[in-house]
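The next part holds the structures, each set out as structure tokens.
Below are two complexes that have chain A in common, paired first with chain B and then with chain C.
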Partner chain A sequence: MSGGAYLLFRRFGCLWALPAKHVTAIFSGPKPEIHLSHATVPADEIVGVCAELQRVNPARTLGAFWPYPCQGLGVFAKEPMVVLLPDALPPLLCKGEP
Partner chain B sequence: MVAGTGTRRFLLLAAGDRLAAVDARQVRRILRALPTVPLPGAQPELLGLAEYGGEPLPVLDLAQLIGAKPGPSPTFPVTVVVWVGPSSQPELVGLAADAAVDLVGIPQEHVVPMGEGLVAGEVALPQGTAEILDLSRLTVS
Partner chain C sequence: MKEQETNWSTVPVFGVVLSGLLGLLGFTGILVGTHYGLPRWILDTYFVVALGILGLYVGVVLQPARRMSRRFARIATHAEKAERAFDHVLKHLQAGDLVAAQEAARQLPPQVAPQFLAASRAVGALVQQILASSVDIAVAGQEVHNTASELASGSSEQAAAVVEITATMEELARTAAQIATNAANQADLAAQAEEAGTMGAAAVEDAVRGVEEVQKRISAIATRADSLGTRSREIYRVLDLITEIAQETHILALNAAIEATAAGEHGRRFSVVADEVRRLAERSRESVESVRTLLEEFSASIRATVVATEESSKEVAKVWERARAAAASIEQLRSAVSETAHAAREISLATQQQRTASDQVVLTLKEVSQVIQKMAEGLKAFSATAERLNQLALSIQLLTQSFHLDSPRSVKHIAQTLADALGSEAGHWEALDSTFTQALKQHRFLETAFLTDPEGNLVAFTVNPDLRLPDTAIPVAVGQNLSERPWFQAVMRDKRTTLTPVYTSLLTGQKCFTVAAPVHDPQGRLVGVLGLDVNAASWTKIVA
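Then we have the complex of A and B:
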């Protein structure tokens, strides 16, 4: 996967994006999983890989009402998404976290 | 927002059992309520994310923001797209409200200043008492 690409997946009804260069493996099937070097992220659906995000807005307002750091917000196919920081994944997205 | 002289134009919004006034210069657009996707783990003020003009838009529940109690079911709920944050780093946010009520001119001397929070002042209007919002106080630095 190229350095600027993002892996898109759906979880909890939301669309999420991860920088693809941090993804070490993807397991498809009825319970898809995304593996990073330090975490495993279950997904409801692997949406695909986006070569380049058109827009990533800093999300200062989001930070006031959502407790997890993120790279920003983007849109893919008219759907809003959160662009995650691989080193600071929300615990609720990670396997084995409460 | 309440400092200065003269009359400013405000958009009056119904939110639950309250009225809120937003400086008209900060309003970019009033839309029929945008569909939102809730974010897990978000505070109740954050209704979710929406798409607006190809850009992501966090949408906040105005009634939750000002602590309003639920009002009658809205007949024409709206999303008001507004500029928030400091003028050096403005950011677009959606405010989900029960209705856009009116556009009014409010003389500065009629405003009763309040605390340092989102509600910067209060004003008595024919439509009722309105809370004047200072949207520059909405984001975190």
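Then we have the complex of A and C:
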């Protein structure tokens, strides 16, 4: 299943994906920042833009481990990731983390 | 004197006879003349003249002659008395009995008695003075003998010591020779060591210069390494700049990709370009990282080089310091070796001189040893002479003792006094031992006191208790006949106190002499002979 391009970034050692169309800008610095229209997500590393991402919808099982709303799980270069929902970003990933 | 008296008495008788003969001759002539016619008056005149001459002769010559004869008879009597007194005195003097001589001198004529008494006292004083002087000579001789004996003994010890010292000096000379040889060898070795030290100092100086050169080169390497470090930091800055540009490029490529994604289908090409740019940026970043890694390795190598050069520089500095210290030590060692060589040469010379001096000392010591041996021999002879002097002084004392002096130092006086005491108690000799013991205690130089009867049979014999001799040591026994002894025979012959020559006592084994005196009872009869054995050495000390 494909839903457009995704921006892949690494944070806390895991690979994450955001829909590229919701990204307004990427800023470099000591830590790259991904600016969304309503939030800023710091990243350890910007992996790149993936035009085609194999994605699966979130299942009940995923909910047992990831309580936040998301678009599902994706796989890039045999590496799994969580495809984030821009409107429901986990506070853990947002700038100003606790 | 009698002859003179006879001459004087015969003179008037001779005159009378001569006158008678002349008268008879004249009378005969007158008778003849008368017979032949000579006148009678001539005969008468002749008788008158003859009678007158005879009367004149009797009055003028015969009477004075008789008076002179009586006077000469009195003088002859006095002279005979004086002669007997002189004879008595001279006999006592001949016997050496000055006490009896002085007593007898009281019978001399008053004109000569005082002079004789004065002369006798002077002789007695002289004898006592001779006795005292002989005692002093004996004491001095004994002291000289002792001192000479000690000096002789000391000289012998000195001679032995000199012999030992000579042997030691000879050993010292040999040792000095050995030291001289060793010192000469030491001087040669020191000279070789000095030469080696000079060479070593030069080598160390070369090493120091080499080390300084190494230090300079290490400093140059350090400078270059530091310069490389500086250049590396510049490269780092360039790499950082490239990395930053690559990141910016990456971000820009990502943003471009995002924008291209937002552009949809139209942005796909651009997305490809952006993705390619992003890959280039990624490769640039990777290349930069590779360069950085290489540069870090290079920097690490430079730092290691710098550290190594610093450590090398420090080590070189240490080596330089050590080399300098070694050079200074070698210099000091060379100087010390030089001084040692000099000292060794001086020691060699000094020990050679010492050997020469030791040889001279040995020769001198040998001469000293000979002198000491001669001196020891001389001292022994001197000691013998002193011993002879002592014996001579003792002989003089004995000679002086041949005089009977009224002095407690006179053994004759002691013997005679004791003999007189025994004579006064003649017939009551039950306590002779106590009398003898008392006398022996009073005169400690007496070894024994003994008494014999006139036949020489021993009546009493007492040993001085201070000698502490056992009875078994007494060589005679009461009742033994001693009439053959010289002292007994001398007393019996001379009837006076006598002294024997010095002989060795059978009792003590020391030198002694015997003084023997006749013992007379109050009636003047000889009732015994008293003998006293006098220890010569003790007597000399007592007298002194």
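Throughout what follows, the second predicted complex is superposed on the first by the 91 of 98 C-alpha atoms of A that agree within 3 Å, B and C clash if a C-alpha of one lies under 4 Å from a C-alpha of the other, contacts with A are read in each partner's own complex, and residues count from 1 in each chain.
In this text, contacts are C-beta pairs under 8 Å (C-beta built on N, C-alpha and C of every residue); 3 or more make two chains touch, one makes a residue touch a chain.
These numbers were taken from a predicted model, which means no experiment stands behind them.
Superposition of the two structures on chain A shows chain C fitting alongside chain B with no clash. Rounded to the nearest 10, the angle made at the CA centre of chain A by the CA centres of chain B and chain C in the overlaid structures is 80 degrees.
Chain A is touched at more residues by one of its partners, and among chain B and chain C that partner is B. By the touch criterion stated above, A:Thr61 is placed in contact with chain B alone, chain C being left untouched. In the overlay built on the shared chain, the residue A:Cys14 is in contact with chain B alone; chain C does not reach it. By the touch criterion stated above, A:Val23 is placed in contact with chain C alone, chain B being left untouched.
Look at A:Leu92: by the touch rule set out above, it reaches chain B but stays clear of chain C.
Smallest inter-chain Cα distance, chain B versus chain C, after superposition on the shared chain: 23 Å. The interface of chain A with chain B does not overlap its interface with chain C at any residue. Across the interface of their complex, chain B is touched by residues 12-15, 54-55, 57-68, 73-75, 78-82, 90, 92 of chain A.
Chain C contributes residues 247-248, 250-251, 254-255, 257-258, 260-262, 268, 271, 274-275, 278 to its touches with chain A in the complex.
Those residues of chain A that touch chain C in the shared complex are 4-5, 7, 20-21, 23, 25-28, 32, 46, 48-49, 51.
Partner chain A is touched in their complex by these residues of chain B: 37-43, 45-46, 49-51, 54-58, 60, 84-85, 89, 91, 93, 138-141.
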